[in-house]
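In what comes next, chain A is part of two complexes: it sits with chain B in the first one and with chain C in the second one.
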Partner chain A sequence: MHVKAPDRATAEHPPPTRPADRSPRNAAPRRHSRRIQGLGYAAPTAVFVTVFFLLPLLLVGQMSLDDWPLLAGDQGVNAPENYTDVMDSPLFWPAVRFTLLYTAVVTVVLLGLALLLALLVQESRPGAGFFRTVYFLPGAVGLASASLLFWGLYSPTTGPLSRILEHLGLVDDPVSFLGTPTSALLSTVFLVVWKFAGFYMLILLVGLQRIPHEVYEAARMDGASRGQIFRSITLPLLRPSLALSLLLCVTGSLLAFDQFFVLTKGGPDNSTVTVVQLIYREAFQRLNLGTAAALSILVLGALLLLNALQFRGLRRSDES
Partner chain B sequence: MGSTTGPRGPVRRLAVGAAAFLAAASLITACGSGDGDSAGGSGRTADAKGVDDGATLTMWTRAATRPQSEALVKAYNASHKNKIELTVVPTDDYQAKVGAAAGSHDLPDLFASDVVFVPNYTTSKLFADLTERIDALPFAASLAQSHIKAGTYEGRKYVVPHTLDLSVLFYNKDLYRKAALDPEKPPATLADWDRQARAVDALGGGVDGTFFGGNCGGCGVFTWWPSIWAGGEEVLNKEGTGANLDSATAKKVYDTYRGWVKDDIVAPGARDETGATWTGVFPKGKVGVMPMPSTTLGLMPKNLDLGVAPIPGPDGGRSTFVGGDAVGVSATSRKVDQAWNFLAWSLGDEAQVNVVAAHKDVVARTDLAANKYSAADPRLVAINQLVADGRTPYALKFGQTFNDPNGPWLSMMRDAVFGDGASLEKDNKAVTASLAD
Partner chain C sequence: MLTRALGRTPHYVVAAGLAVIFLFPLVWNAWASVSAQPGTAQESGYGLGNYRTLLDYDAGLWRYLGNSALVSVLTVALTLGVSLLGGYAFARFEFPGKNLLFLLTLAILMVPYATLLIPLYVLLGRLHLQNSLLGLSLVLAMFQLPFATFMMRISFEAVPRELEESALVDGCGTAGALRRVMLPAVRPGLITVGLFAFLAAWNDFIAPLILISDSQKAPLPLAVANLRQQSMGAVDYGATEAGVVVLAVPCLLLFLLLQRHYVRGFMSGALKG
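Moving on to the complex of A and B:
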């Protein structure tokens, strides 16, 4: 920071009201006090991050290298077996494949619908506020609660959906919404889209409203069609919001657990086992925290890599 | 209890040392204070009744057996100075919660467990040794021995029966009459069961022959294995490390169920049923005959005319899966005498008859199979008498093999009834591998 010397003061540039405070002699103690002040501000967050993130992360790292049965405690080093064992599990690669498939489907459907909803309620027309609220409302329901709600709706034994379809004559037999691998995946995607479309709509809506009206007006005056405006103006200028949504959606989908734990339990026939479900299974069904931690570290590594790539894309889109 | 979680190296040694010092100090304090506390897991002999001095005890039970646990605790609290604070834990989370609590030495004074998971806890030394106390009970020989066996490790006894849940056949007498079947003649063989289910199913109009939880491993072991046992076949080896689920008798059982699926004798939803709602189908009065937990008898609609019968084997015989919860005192509890007071009382005549039997549940003692409540309902006597014929399988890896929805047993049972059953031998090897893991 540039410090102006007092003898250079003129009538146009009056001296500072507290020249003594700005003297070079006092700069060092002031910097020191500012540093302490800064540390004071940062300390709560630093403590929070250390206690709730760094230390558990270190513990997970250590657990991933040790044989650590849930009920009998740490029994010494078990590396790299924890890592190799988990990859040898017959469920591992199918779970990886399914998680990637689920992520791809959810990302495309969810962000597509969210964008459509955002475009629908973009203008401040009568009723737009109402619809914005309605679209966002499912986002206020917890994912586990929403999953339980849909589990009840889908149940062919006790749920109403199947009966309604039968009553309407659309189907002859009770519908097994979660009974086949494809229907289980699609039923879960439907739940997730219902739950999160409003949330992503909100992010995209903010992005849309950041685009100046003048740009649209200029395009219209140049005779651009709606499609051309969408392709050449809306989408490029919405890239930061789309990139953020993509980042959140991909990360959330790769960590999918609640919806499958409640709705399908990985079934039918292990067709909807996600990677995080495998972590849960290793820890609380097989009672082996070591392999669960190893799998967690692998997932963390994959997410870090993916997020780094996405951040690069995000920055590039910001620069452009 | 073995050490659980904690850092390694000097920090860990320090932590372990500090914990040991604190434990020793608290033990000395407890013994010196004369307040009735005693060292957890000491196994020292006390009188058969324990101590009732107004202590407050904590207890966990799983949601699946909540009504019975609550009834026992309520009656105990009303009649004793000791007070029990009961926490009901969601069934699916129970293992995880116990494991985490064991890791942080934060187990309650008493905790019940699905009896099939008890060997896991006894071998990990989570329970206090109750051998002398159990043996001192005047009715020790009459306690449900399948639960006692499940809780015995290296010759020491760690748990007592808490709530017994037996698998039995429920059949709808009204539907039997409509189908021109004798309502007093339930199935005596699997072939009878097949014939009667098909006869009821033929009534049509939304009536189905039978039902089962086809996407629920726990339901499968609970209701299918008794048919295999009744056929004189074992399903596991004695050590619980090998499976014999591809035997000729087992195949007959699977074939019967597969026939029901193929011919649509089963009520809708069996393929998807994960176990959460499988007991809710029969009470609607539209299913002819199906195996169910005995604990549901007291929850059945009053106007449903139903009978109960033992689960038969392919050619006769009878058996049952003696499930439910066993309960023990945690190894870290400092109120073993007071906790034992509750356990001893819960097994006594008064609790077993006036609380358990009055609630139409299975009594934990064979000498009380016939009592004033069961006398009024012959179905209860029939269920109570099955305890002696029943079995509780023993396997350390039971949960990850049979209850885990992603475990090998569920794949095996689904292939056996919804598939063609061609991979039974391969599936049985996968089950054995999981048991021996």
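Moving on to the complex of A and C:
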């Protein structure tokens, strides 16, 4: 995905003649030995990728076609039953719909706020470093820990948020933040935005700092207003960083699990069950690894398709 | 001068307001974990009652902390070891299959966590690594490889070739050059990779949830989440808040200590899109 940077680096530094290559008699065996050594250094990576990535990937494909109860192991082929079972599950389409809705809401709110934060702390005025650290700090806390933290924060009996709202006179009774489908969704979005806004701020900050100062100065000389500068300079030149943030945010949200597992447990009334939660339920509560594998394959396919489309869209807009 | 200062005021008001919102949950949680709440071990006044509940919960806090520490150390060591060697290979050597292997390593990013955890659950069973902290660490290290390998490849490519060559001319083998010359030069990259791997391993929830079934072997996030679910109907908010503090403090401290390197790692192009 990010292979471009190192490639450019090698192109800028053509390999200088190695001392070992200077004597033609030694060149061939030396090169051969360097190949062997390179393979040796790459071997641990190759073992990891093969055993813990490629093999499981093949296995999940096979599992999706077999009858595979959790405790009994492989019971032989039953294709395409796992796939039809998935489609017939009453939770499947609601989970797909909810996951897409959640992804859309999180992406808009999170990236909007992250951009605001990046703009706030981009200039090196006093305090910018302090604010950067503060905004990023929730990012160092794990998602499951953050979900447990907000679970306490949202509690109608002991949590402070409900009391603050009552104190301000905005509500009369304790608020049940996780009690209705809509408020459970919004409460989760708030948690996720709190946790990740600083991380995306950092990505956008890198992009902002790569825009040359001269461009802004030229625009100011031409009498452009702040709004005009933002629309016609900052946003277009920030596009690569925005695209990367979008890709990470969409992929991450489509695979959401921890926050819903801990905070809402899928409730109320299964209104916040995501697709990955469905995989977990199929495998470890309904004890059917085959169906869970089939669902995994469908998710993998959808993500690959989405990423391929996004890359194509990005490349096309790069060319124009 | 005055108008400039005035022009900055709204900026600072917005920035400070947001800072309060971002800090509030952390500060509140730390305060709530030591203050009085009905239905917790801290019914009145301030104190460490909730932490005492946590100390004695199920297998005991020390056990869970030990599990988390072991998994994190193993994951960081595996990630650093593999990505150091791999990054060196990808940056400095030509060998058959190099590009394919690098692309496959990056492809780990494209595959959903859950898609791999189901077959890994079966596979680790066959390798007799099911329900083991070593098996969990191997899986967590694999998920770190795309970022770690990429980061280490960039770090090695940023080191001038002359440095390594002079070591080779002086009679070092490539292993000697790596150890004596390259290792100090790529230290910032190693710190970023190590911090990343630590935070991921310490905080991970779904991998231990699926791969660890023995509550004696649960890492801390899993134990604290279970604490909330299994407290016999009555919800102990206080102990959960104490658990969140124990989980978060090492991450916050480590981040504050290493943030210069971390942010520099980002800025130096690890995320050039």
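The rule we apply is simple: the second predicted complex is superposed on the first by the 270 of 320 C-alpha atoms of A that agree within 3 Å, B and C clash if a C-alpha of one lies under 4 Å from a C-alpha of the other, contacts with A are read in each partner's own complex, and residues count from 1 in each chain.
In this section, a residue touches a chain if its C-beta (ideal position, glycine included) is under 8 Å from a C-beta of that chain, and two chains touch if they have at least 3 such contacts.
Remember, predicted model here, so these are calculated numbers, not experimental data.
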{"item": "Partner chain in contact with A:N270 - chain B first, chain C second, else both or neither", "value": "first"}
{"item": "Partner chain(s) touched by A:S296 [first = chain B, second = chain C, both, neither]", "value": "second"}
{"item": "First, second, both or neither for A:V193, with chain B first and chain C second", "value": "neither"}
{"item": "Touched partner set for A:I203, first chain B, second chain C, both or neither", "value": "second"}
{"item": "First, second, both or neither for A:F131, with chain B first and chain C second", "value": "second"}
{"item": "First (chain B), second (chain C), both or neither touched by A:A283", "value": "both"}
{"item": "Which of chain B and chain C A:P156 touches, first, second, both or neither", "value": "first"}
{"item": "Comparing the two partners chain B and chain C, which touches a greater set of residues in chain A", "value": "C"}
{"item": "Touched partner set for A:L91, first chain B, second chain C, both or neither", "value": "first"}
{"item": "Contacts of A:L65 with chain B and chain C, given as first, second, both or neither", "value": "neither"}
{"item": "Interface residues of chain A shared between complexes with chain B and chain C", "value": "59, 155, 158, 283-284, 289"}
{"item": "Residue ranges of chain A touching chain C (in the complex, touch as defined)", "value": "1-6, 9-10, 13, 15-16, 18-20, 34-46, 48-49, 52-57, 59-60, 63, 117, 120-121, 125, 127, 131-138, 140-145, 148-153, 155, 158, 160, 194, 197-198, 202-203, 206-207, 209, 240-241, 243-244, 255, 257-258, 261-262, 276, 279-280, 283-284, 289, 292-293, 296-297, 299-300, 303-304, 307"}
{"item": "Residues of chain B that touch chain A when the two form their complex", "value": "2-8, 95-96, 99-100, 102-103, 120-121, 124, 126, 215, 267-269, 271-274, 277, 280-281, 399-400, 403-407, 410-411, 414, 437"}
{"item": "Chain B partner contacts - residues on chain A that touch it in the complex", "value": "59, 62, 66, 68, 70-74, 91, 155-158, 173-174, 176, 178-179, 265-270, 273, 277, 281, 283-287, 289"}
{"item": "Chain C - residues contacting chain A, complex", "value": "8, 11-12, 14-15, 18-19, 21-23, 25-26, 28-29, 32, 37-38, 81-83, 85-86, 88-96, 98, 101-116, 118-123, 138-139, 141-142, 145, 149-150, 153-154, 157-158, 161-162, 165, 168-169, 174, 199, 202-206, 209-210, 221, 224-225, 228, 237, 240-241, 243-244, 247-248, 251-252, 254-256, 259, 263, 266-267, 269-273"}
